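Once you scroll down, you'll see the structures, which are given as structure tokens.
One chain, chain A, appears in both complexes that follow, with chain B as partner in the first and chain C in the second.
Moving on to the complex of A and B:
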């Protein structure tokens, strides 16, 4: 009874407050509302007061709306845990245990089947839900969600924010069309570019053929609808945005392309070096970019809009550090030396190692920088070894260093192991002479070749008559994965084509097994999908295989 | 009959849009059979070298896990059949560490992986193969 009274008093005060208080501008509501929703901070900057089990205070910056309802506010189903949408468009509709318009399609269901029916919210009942945890049927949600103490004005901002959240489809989504683009940095090896494009264009064409078939044949349309829902009738477009000149000039070109044709997302993209300006462009315009083919992704814990395959070249260095960490007790006080080719790649490998090694509290390795153009001779390497007597020698250089490493083999105080980048060695890795194979270890950021061959079955269909030999097999596999992840995500989005929901959806996906990487995994806010790297050695014999010396993800 | 064929092609088209398993169309030149292991446990055996048992145990974890397969890597490409052929086999391998000698005993279940030609033609069967494989995972 007392409880009901509280709620009705609250409603009364809100009714008046919501009507009386003037609200800030739409842009300001967006900014302040987003801060409450995502960071748990009030417009005043103070932490939102949150309570669980009705009266136990908790940290409002930990129990943020976004942590449960995700950025798009479009709801999630993860195993048993169902979080309903919290955007105005859906809240202000009655909830039925089916999706409007898809009543007879059992495959098209969503969170609504897991929660009781309720009438549409009003501003007042929504305020009651947020502040008291009571839904419009009088049911308490406090078992599942905190309640928040907000003054009337802050509540009004919160509600206005929820009303705008995922309200309109994102730019690039038209009636029955979703527009994509891919970014090509001029000067990239043409084979690499074609290898990136082929699988993307294949996915787009396949989708469009299906839409056309569905348009022509009602039976196909019905089946398509059962499988894909709304998505079935959409066609996709894929524009190619080519960037020329130095990176400083890319931003203006991107803005220009985007002004002419707003796209929902970027797919792939390729650059022989820099990517940062594209990354920034996506961040600032809130445009997703799925899996650009780049060696030097922007490394950030908080950036949102670019999803990378991995942390790039530096990830190999990080893996080397984790591998050596496992035998740190045996290395003891002996030195680790990094011989670093002074190029972007060499430095990225060394940075990755340095960061990983120091994060586990070890004495830093000794760095020896090799000028970009200076050959690494056997004498030079022997000198380095004689000078520092390292337990481990990291050689961050290309395969031209192999003879110099070979010269160490007979040296009495040679290091216990030499570690190099299998990626950088390229084909030459297979030419490591037998006596060296025991000494040299390689980082290998992919599935082992003999095990990846099984995926040819699925990948080869994209060649459709073209010769696979004309393409870069790794880039084809990367881009193939982009098409698969996109297809899977769009299917699960149930007609809600919002950019933030794309990432919310990908964040809910389980680990996946696609070509090239041993495993790709996602998770809310995770932006580097392949988290592992093997340490391998070349086996014995004339036709050696790579042998794993580590797991994919080392703890 | 003709209609059926047409329909099933459409199904394949639909399914291949985004589902993570992919029906197989082309034959490949993979070997027809392969053995793989899923490692359940491991031990370090200093084999008289005086290697420290704790460090050895940790390193054998990495060494043995490196020999272990993630069965999904075998199932996801589709078109393969997995048969368990032995349980808890003990495999002794050299530790292979430059700073410490001794052996690792990796205890593993052994599986035979075999091309399943039927499932290459009928994607539905490969779905069944997936179910079987998820039983393995449990």
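Moving on to the complex of A and C:
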């Protein structure tokens, strides 16, 4: 006890020490604090020093607060290891083994039972926790929480940063409403647009019906509350932001929409081509966008705010590279030729392949570029094959290339394998003539159709009397997934409607099995949910099925 | 400088004792330890350089081998396990290849060789620490072989395995070990 007294006396003088140093402006605290919290760098620019597991020294650049407490500071759960929230609002409250006001909501309540009780922190006890790993009850947290060497000023900045972290609900969250918007690039095929919108509107309406029913009937309200907590009384809105003109002009339009109606997040969105300006808008305003329907997502391993279904068209090319890498022993030093239609799609496929192939240390493939308007004839393809004698021929072109590929069938020095994009071939894939089916392989970035049928019942609920034939089945399935992921995430957010926590929560989800993609998976900072792509062949017979030639994800 | 002073006090042995007394409980065991025998599956995995590695052959060696299961974007568990690996390499001095540290991803879905390489660089890994990925099927087989099957990466548990080159037995450590504990266990395995 005498010891604790000494500590308290020391902490008392710490108060004065912390107060004595003048702190920088709020904006500067935000910047410097964020740098410590996310990058492990001190305000001086030097690397933060930590000791983990009591005694193991670690640099802040290996990991820092964000690696465990996540960006929102609202904590993480992985297996049996619970990392508690580290934002001021929660730290400066007493912790009980239940969440006040949510005792009957298992989803929220379960989380708190993992954590021991403690009194509210003060600036002083918080400084002691961060620098010495002792919590206000005197318990050591050093088994899992590192201790950090911070001087008084840096500590004060850190604490001020934590106080502001996830303090106020994000923009777009009202007392009983959460606002969303979706972005439609004018000129997109109207069927595609409606297919994207229908499942989103379905999710929003379903949620609002529950809120209305709960408002009208106390029993429904009680049941809804036990499942969703306060979320049950919220209504959602979904605005449609249409962008017109060339991409250069989109940013001003987005800014304008956002000024008029700040939204919590964007849902979906659709464009026949460019998406980058919307991606940048989200990045700069820190607005989440869940799953835009686009073929050319922005590829980045550090951007944060747009969650894509996949890496788009490019991912098929990457999968082709991994597949061929798996048979590198058969290819040996023979050539690989990529015939590339000089369009955005053709180039994206070729880029994906090139990056994947070269990353595994292989000799680059030979590229043959086909001008956008030039037909690929059998003669031209035979010439290419005769010239390079490739072991593998990649044909990044649409189904009009099929007759030319057919002309190779009888050629003696034909490649052992021809690979094309099943996505690009579209319906024509099913018309590949029998003699060619052995030779031609396709990338197939979805679950096999015969195996996806089991999701029909859930997806069909969305049509509610409308004719499914009037919609694009793939886009409907994509958007259906958006609604499901959003619903699941919001339920797990414990009433903490912060944009960063939305992504932290999604990052803690287990692998999910929804329609269309074989599997979607998440993880802190992972931004392309469907990571795989099958390599398939068309089976034999009149009513052929696709046959898998690879796993969903190949390394 | 008041904070370092607090720290010095809190971390002295006397303080630890006092605190334990104050909390009214002794420190619970920090981790579980058992001796096991495992049959290593014959699968081909891929390392951070994109090279194929026949997993079984990693253990045809007179060198000590340590195995853990981590992944590129994991929270609390992996930073701690990997800090332990980095620390052991530091203690090994110049010849870090005397001990083979093997990390195996439980998120092969996301962990490409490029991601593995970046992860190792983040921890200033030196030669002797390899990070392996592979097909989901093969990774499942490896997890099963070590009786460490995680249905999902979010069910992750902190496990470390130390193989004794003397008789091929494994020390299985379950829990978040301190640096001292890890080095201790390592020595107990008859390794220097």
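Throughout what follows, the second predicted complex is superposed on the first by the 532 of 555 C-alpha atoms of A that agree within 3 Å, B and C clash if a C-alpha of one lies under 4 Å from a C-alpha of the other, contacts with A are read in each partner's own complex, and residues count from 1 in each chain.
As a convention for this text, contacts are C-beta pairs under 8 Å (C-beta built on N, C-alpha and C of every residue); 3 or more make two chains touch, one makes a residue touch a chain.
Note that the structure is a prediction, hence the values are computed from the model and not measured.
Peer 1: Give one word, clash or fit, describing how chain B and chain C relate on chain A after superposing.
Peer 2: fit
Peer 1: Just chain B (first), just chain C (second), both, or neither: which does A:228 touch?
Peer 2: first
Peer 1: What's your read, chain B or chain C touching more residues of chain A?
Peer 2: C
Peer 1: Between chain B (first) and chain C (second), which, if any, makes contact with A:344: first, second, both or neither?
Peer 2: After superposing on A, A:344 lies clear of both chain B and chain C.
Peer 1: Looking at the overlay, what does A:551 touch: chain B (first), chain C (second), both, or neither?
Peer 2: A:551 sits against chain B and chain C alike.
Peer 1: So, A:513: does it touch chain B (first), chain C (second), both, or neither?
Peer 2: Touch status of A:513: first partner only.
Peer 1: Quick check for you: in the superposed arrangement, does A:31 touch first (chain B), second (chain C), both or neither?
Peer 2: The answer is neither, since A:31 touches no partner chain.
Peer 1: Between the C-alpha centres of chain B and chain C, what angle is opened at the C-alpha centre of chain A, expressed to the nearest 10°?
Peer 2: After fitting both complexes on chain A, the angle is 80 degrees.
Peer 1: Touch check for A:78: first (chain B), second (chain C), both, or neither?
Peer 2: Second partner only.
Peer 1: Upon superposition of the two complexes, what minimum C-alpha distance (Å) separates chain B from chain C?
Peer 2: Closest C-alpha pair between chain B and chain C: 7 Å.
Peer 1: Which positions of chain A sit in both the chain B and the chain C interface?
Peer 2: In chain A, positions 511, 519, 551-552, 554 sit in both the chain B and chain C interfaces.
Peer 1: Note which residues of chain A are touching chain C in the complex, please.
Peer 2: It is residues 1, 3-4, 6-7, 10-11, 13-14, 17, 52-59, 61-63, 67-68, 70, 76-81, 83, 127-128, 131-134, 137-140, 143-144, 147, 149-152, 155, 359-361, 507-511, 519, 521, 523-526, 531-532, 551-555 of chain A that touch chain C.
Peer 1: Provide the residue numbers of chain A that touch chain B in the complex, in ascending order.
Peer 2: Answer in residue numbers: 206-207, 209-210, 213, 219-220, 223-224, 227-228, 323, 326-327, 329-331, 391, 416-417, 439, 447, 451, 453-458, 460-461, 484, 486-491, 511-514, 518-519, 534, 548-552, 554.
Peer 1: What residues on chain C touch chain A, complex-wise?
Peer 2: For this pair, the touching residues of chain C are 1-7, 9-11, 14-16, 18-19, 22-23, 30, 46, 49-50, 71-77, 79-80, 82-84, 86-87, 107-114, 122-124, 133-137, 150, 152-158, 176-182.
Peer 1: Under the touch definition given earlier, write down the residues of chain B that touch chain A in their complex.
Peer 2: Touch list, chain B to chain A: 7, 10-11, 13-20, 22, 24-26, 28-30, 52, 55, 58-59, 62-63, 65-68, 70, 72-80, 96-100, 120.
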